[in-house]
Amino acid sequence: MIKMSYREAVRSALREALRSDPRVFLMGEDVGRYGGCFKVSHGLLEEFGPERVRDTPLSESTFLGAGIGAALGGMRPIVEIMTVNFSLLAMDQIVNNAATLRHMSGGQLSVPLVVRMATGGGRQVAAQHSHSLEGWYAHIPGIKVVVPATPADARGLLLAALREPDPVFVFEHSALYGVDGEVDEAAAPEEIGRAAVRRVGDAVSLITYGGCVGKALQAADQLATEGIAAEVLDLRSLRPLDTSAILASVAKTHRAVIVDEGWRTCSLAAEVSAQIMEGAFYSLDAPVGRVCSAEVPMPYARHMEDAALPQVAGIIGAVRETLGSHG
Amino acid sequence: MPILTVDMQAGTLTAWRKRAGDAIKRGEIIAEVETDKGLIDVEVFTTGVIESILVQAGETVPTGTVLAIIREEAGAPVSVTPSTPVQPVPVTPPTARPAPAPPRLVAEVTGRVRISPLAKKVAAELGVDPASVRGTGPGGAVTREDIERAAATRPQAPARPAEAPDRQARMRQLIGAAMARSKREIPHYYLGTTIDMSQAMTWLTEENLKRPVPERLLAGVLLIKATALALREVPELNAVWRGTEAAPSPAIHIGVAISLRGGGLVAPALHDADRRSLGDLMTGLRDLVRRARSGGLRSSELSDPTITVTSLGEQGVETVFGIIYPPQVAIVGFGKVVERPWVVEGRIEARPVLAATLSADHRVSDGHRGGLFLAAVDRLLQEPERL
Amino acid sequence: MAGAGPAAPLPPVPLPVNREHALELLHQMVLIRRFEEKSAELYTLGKIRGFLHLYIGEEAVAVGSMQALSADDSIVATYREHGQALARGIPAGSLMAEMYGKANGCSRGRGGSMHFFDVARRFYGGHAIVGGGLPVAVGLALADRMQGRPNVTACFFGDGAVAEGEFHESLNLAALWRLPVLFLCENNLYAMGTALERHQAQPDLRLKAQGYAVPSEAVDGMDVLAVEDATRRAAAAVRRGDGPFLLELRTYRFRAHSMADPELYRAKEEIERWKSRDPIGLFTARLRSQQLVDDTDLGAIEARVATQVDEAVRFAEGGGWEPIEDLTRDVYTPVQP
């Protein structure tokens, strides 16, 4: 076990994949010479050469589509889209090709493509650069979506994604790249579709993912000082969702608050809430709460951005509300 | 009328390019059709001669309608074409597997009643213990209606005078809600008959002379026993409605409607009424009335009846048409025994007669069966010694 | 350009083709023609549903270009892909069954007319989003390059796709990375209902390649031999490792954009003018004038094609429907435990 940052963990996984499988290659904007916009692929071009680490022009649609074609042709491409914000330019290739080619061809094709994207806000980069659209991707049948929140998962889920025969979208919250954690570089890949309980509790289930896991844990720490033992469930995978883990937690705590950086309306939190309602209705002692981003394009000014994003105080407030007079 | 656009259901034939008698070749345009996308040419796929035109210019017809008859030329290349133009729907595919049910918790933490939040709230308001209520919701969950029904059939403890009006009002409300629902959801049909009670009353008088006063029988137990035995012959009136269909009850538990002082009604069960002697039934009935009026009924007695008998003879009512208590599927009503003119062998005599009625759920039984039931009651009451 | 009409008739030069090959080319074009005509008929009968885009008039493009491709080359096409699919050798019955929606269709009934796939023949669709197939073609070529395979990826698209960003991105990326993509632009002068000069500021489409340093050529798409010749040369260059090539095949569709199109946007006279250069008619006339084919040959071809089309319809009619229980099959690849 070594302590390393999230970005180092991703890099470690990329390096391991490039070394062990000649079919793997990385392509995206500034992944080579620049070393990656978030410095994730720093050094990889030097180590593996320009055939394996390819800088692309600013053509999201085409280089993601080329990733699809290369996957069809027997390669295992890792396409890096700088941020989820720019992935909108490639939505047609994602939804109409990556997610559908297997089905439209009657099962003849598989698209073993991995797409990595940075996501999330909180760095004052304003409305066009701060989206959290993981919920949109989780909506689409035919692809899988993972959201590692720790360095160990950043490595483990990426390696797992590379073993999938179908497209996997990996969302890396930009605020996590510098966060440190313990990583076992010999560990086996993680399993896609399994959530992890980050903190055991019995008063309320804080269900969250990605950049909000840390905030949920902080909220849980504070609540613990008041005698409220919150359980924190890190989803790790948004499609498929680990429904049984969600229901098991709620069966125990009887209360749930979902923390999701997407906008509240039609969010992933709404899906989790619906699943809890369907599967654990009779276990609930209170309505399911949601802490999400406010219904506003991300503002630039610091205090406004902070007000727009889910925060620890908001999570604590939601927990108190769900506990009602018990809290 | 060919299908020319994606969702086309009908088209207007605006013009014919050919007439009856014209020779036509495969690929030629034979007519023009107006669709929602505009005017589209109709080509013909055979070679031959137009025998007759069936649809005139200006007519709008559904797709698939024959527009013209073409006599195909012998020797003209005949292509294999499926015979009938159809709206293609796959031949009844096997019933689709329902969407996978959302995962449910298999086991509840012990001690937790499966009850909806709304029901829990109402239970608290009405002072009903959810654990004692049988749930009819999904997976046996206790619903608001279950709580209301339990409360409505639960006797009110003797209330302090100051409280009494509120409780009475609440109970009235609940009974009202249950009865309103019954009327709304159950398609009632009603049958009535007049029964000659002379045999029964004569026998009763003689029988009571043989009994000590505390053990004397009321006419009511004759009616209850006759009802119970008649149900053996028409068991579908002794069933429980389970949401989409009725399940027959193995036992016959007669709910006896008992009015409460201060208003309100309960109908606790006389269990296995068909198998008990009249004396036993009388004892049971006395006990039920006593406990109903003192608030000592058990909730199982309130939920066990498989049919209800209501008798308003004491109030002087001749005919009563009751409202069915769900989940029962019938209610029997008896009126007062009155002396009325009766035809006996062509002569008019005065006889004690009784109006017996049946209100029944038409989803479960029909008039024919209901009629058989009333006829059986009548028949049984003609031989009271065998009850 | 659209209103100007077809180019002048070709001068009568001796044909560099032997009789056997000529008959094969003719047979393939006639097969496409009759298959498409039958499909139109079946659509009006409600057997084929949704959208149906006929290839009638463009047969020379699919047939001629397919001669230059080997079994290991990949093909990406559009929703107007029946011609390419037949020329590639996908059985007509499998295609007809697909349009019927039957389980014995090439895509198991999941795709329909616009989504023919046949992996064994390296036929990667059947794409309904205009321009959507170009990036995929670039990727297939990239995979071949990276794995050292000397294959060409042939990418068919229409003049409409030239307006999409993906066209420009794909040419650029293919050129930048010297990928073996053969871009085949079937310019039939209309992007659905919009004539070329109304959607392209520069309607001479082959010139677009210059912006990406890609060699290009314009070809008379109604002349099957010209198409074959140009494609062979272009494919050879691509296979050599020179990078991508753009061929602009100037052709015309005699039928509407799709079955639902009343064709308000073009004049009937224009269609008639182009029909005088029907690729099948043109080729037949030239072969006759060189005594390479006679009526017996033509009769034999039509008869054989008629049988093939009949068998295709029978195959489709006889196919079964996929059970509804299988609805969510093939959304994800099953993983062997």
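We call the chains A, B and C, going by the order they appear; numbering starts again at 1 in every chain.
Convention: contacts are C-beta pairs under 8 Å (C-beta built on N, C-alpha and C of every residue); 3 or more make two chains touch, one makes a residue touch a chain.
It should be emphasised that the depicted structure is a prediction, and the values quoted were computed from it without experimental measurement.
Between A-C and A-B, more C-beta contact pairs join the chains of A-C. Look at the CA centroids: the one farthest from the centroid of chain C belongs to B.
Averaged C-alpha coordinates give centres for chain B and chain C that are 63 Å from one another.
Averaging Cα coordinates per chain places chain A and chain C 41 Å apart. Centre to centre, using the average C-alpha position, chain A and chain B are separated by 52 Å. Residue positions of chain A with contacts to 2 or more other chains are absent. Those residues of chain A lying in contact with chain B across their complex are 243-244, 247, 251-252, 275, 278-284. Across the interface of their complex, chain B is touched by residues 37-38, 40-47, 49-51, 100-101, 259-262, 264, 306, 309-310, 313-314, 317, 321, 323-325, 327 of chain C. Residues 25, 51, 54, 56-57, 59, 61-75, 77, 92-93, 96-97, 101-110, 141-142, 144, 165-166 of chain A are the ones that touch chain C when the two sit in their complex.
Across the complex, chain A is touched by residues 74, 76, 105-111, 115, 117-119, 124-129, 132, 134-144, 146-147, 153, 165-166, 169-170, 172-173, 176-177, 328-333, 335 of chain C.
Interface residues of chain B, counted against chain C in their complex, comprise 2-6, 27, 35, 37-40, 42-43, 45, 63-64, 77, 79-82, 85-88, 90-91, 93-94, 96-97.
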